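Okay, so chain A shows up in both of these, paired with chain B first and chain C after.
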Partner chain A sequence: MPIIVNLDVMLAKRKMKSKELAEIIGITTANLSILKSGKAKAVRFSTLEAICEALDCQPSDILEYSKS
Partner chain B sequence: MRKIKILHWFVIILIVGYSLNFIANIYLTFYTPDFMNFNKEFYNKFILGYYTQFVGLAFSLILFIALFFLKNGLKLTISKGFFNQKSSEKLKIAGNLFLIYGVLCLIWDTILLFYSKGELYFVAGISSDILLILIGFSLFIIVDFIDNGNILQQENDLTI
Partner chain C sequence: MKRNKILVSILHRLFTFFFWFTLLFTIYIFGFEVFTKDGHFENFVSENHHANGYSIPIKFNIDVKNPVFNNFKTINLKKGVNIYGQKWSSRNSVYFDELPNDINDEVKNVISFNFYGDTEYYTTTNSSFNTNGYIIGKSDNLLIKILQMFKAYSGLIMLVLVFYFLKKIFYLIKQKYSFTSFLYHNVKWLGLILIIGEVLDLIVTYVLGSYYGSISVETFIDGKSFYDGINLTMNPRLEFDFTLFLVGLSLLVLTSLLKSANILQQENELTI
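Then we have the complex of A and B:
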């Protein structure tokens, strides 16, 4: 998929663990793992908003488009 | 789901009834010589004479197997939910078998109808054959719904 999820990078920058983020935004670690691995088919705006708020970043910091 | 449970039990009752009917037919044909002991002129109406009845009996095995697949498909729907691949596969096989049985019986009954020069009994048979073909097609449509639902559910599950 040409959309790359850079959640790992942002988590590393903020020195936050996946489990912590999952707890803050209220999704399961399994779902966060699906999102991180790029297997997710779609992301809800509410989830994106929660991630951006928790990591104090912009949607563009998490999602990237790359021509493949 | 309650309606599917009722349908599941109805199919089980049908299978039991069908089995009893099958056993009774075999018993009456092979172990009671007086039963079906008509004169030779009567059998002349049928294309294969005395053996015509066994063709229908052989065809009914297809329907019997189709009912088994339908029962299994319904059972999987009850245990795993509406949208799952396994029940869709079982229902597809059941649909195929219903269709094959319906088409075979339709051809056979049409041959018998023409051979017997329009005996009313075979006309009634043809209408039930068409009904079975319709059931087969309906099952195919249901399978399409299940497959589409399956894709939608997977996408929904992967929407975070």
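Then we have the complex of A and C:
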């Protein structure tokens, strides 16, 4: 898929663990793992908003488009 | 939701019972066919055995020659008790109208509806009757024999398979109330079995029927053929249940819907 999820990079920058982020935004670690691995088919605006708020970043910091 | 789960559970148990029952019955029938001679096993005789042959679908045509239409009534009901204390009753049966004057000329066949009482509810002027049925016949031809055996057992085998897939479908729904790939695969097989079963039935009855023209019954009186009585002819009939065929086709359409529902569900589950 040409959409790359850079959640790992942002988590490392903020020195936050996946489990902590999952608890803050209210999703399961399994679903967060699906999102991180790029297996997710879609992301809800509400989830994106919660991630951006928790990591204090913009959607463009998490999602990236790459022609492949 | 809870009510649906109870219904699914009941249906699963019901189809499991029907599946095992029909499977055991099929094994029992096959056992008698293979291991016994003409269905006899010591003092026991299987009534379902095809010792006299296998059924061939036919259409009966009954044509009544020289008909006279006159209904019959049963009147003057008398009741009483005899000297032994047993109840008895007697009836007097007569025609509604007087029989025509030419009733004594040649041969006449009276067609009647029978009524209890003085009131006539139906009358008819139809002297030809048609109905569907079966005749038991044997064949020395191996191909026909195989087709007849197939025809005799195909319905039972189809029923076992239908119950098997229904049992499986309701088990899957009971386990997970969602659109799984197993669910649409099983629904597809159920539809295919119904369609294939009906098409095979049609082909087999066509082949069986094409090997004979008609079956006739002829009456002889004093060694001479008697034409003025009741003329009975039996013609080959094709057997095809259009309703089951349509159900099978509808299940195939339902399969494609279930398949697309399965994709939608997967996408929904992968939406974070």
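Here are a few things to note about the model shown:
What we mean here is this: the second predicted complex is superposed on the first by the 68 of 68 C-alpha atoms of A that agree within 3 Å, B and C clash if a C-alpha of one lies under 4 Å from a C-alpha of the other, contacts with A are read in each partner's own complex, and residues count from 1 in each chain.
In this text, contacts are C-beta pairs under 8 Å (C-beta built on N, C-alpha and C of every residue); 3 or more make two chains touch, one makes a residue touch a chain.
On a predicted model such as this, the values are computed, not experimentally measured, just so you know.
Upon superposition of the two complexes on chain A, a steric clash is found between chain B and chain C. By the touch criterion stated above, A:C52 is placed in contact with neither chain B nor chain C. Of the two partner chains, neither chain B nor chain C is touched by A:M16. When the two structures are aligned on the shared chain, A:L63 is found in touch with neither chain B nor chain C. By the touch criterion defined above, A:I4 reaches neither chain B nor chain C.
Across the options 116-124, 152-160 or 224-232, chain C meets chain B in a clash only at 152-160, per the superposition defined above.
In the superposition on chain A, the residues of chain A contacted by chain B and by chain C overlap at 27, 31-32, 34-35, 39-44, 47.
Taken in their complex, chain A has these residues touching chain B: 27, 31-32, 34-35, 39-44, 47.
Across the complex, chain A is touched by residues 154-155, 158-160 of chain B. Interface of chain C with chain A (complex): residues 266-267, 270-272.
If you check the complex, the residues on chain A that touch chain C are 27, 31-32, 34-35, 39-44, 47.
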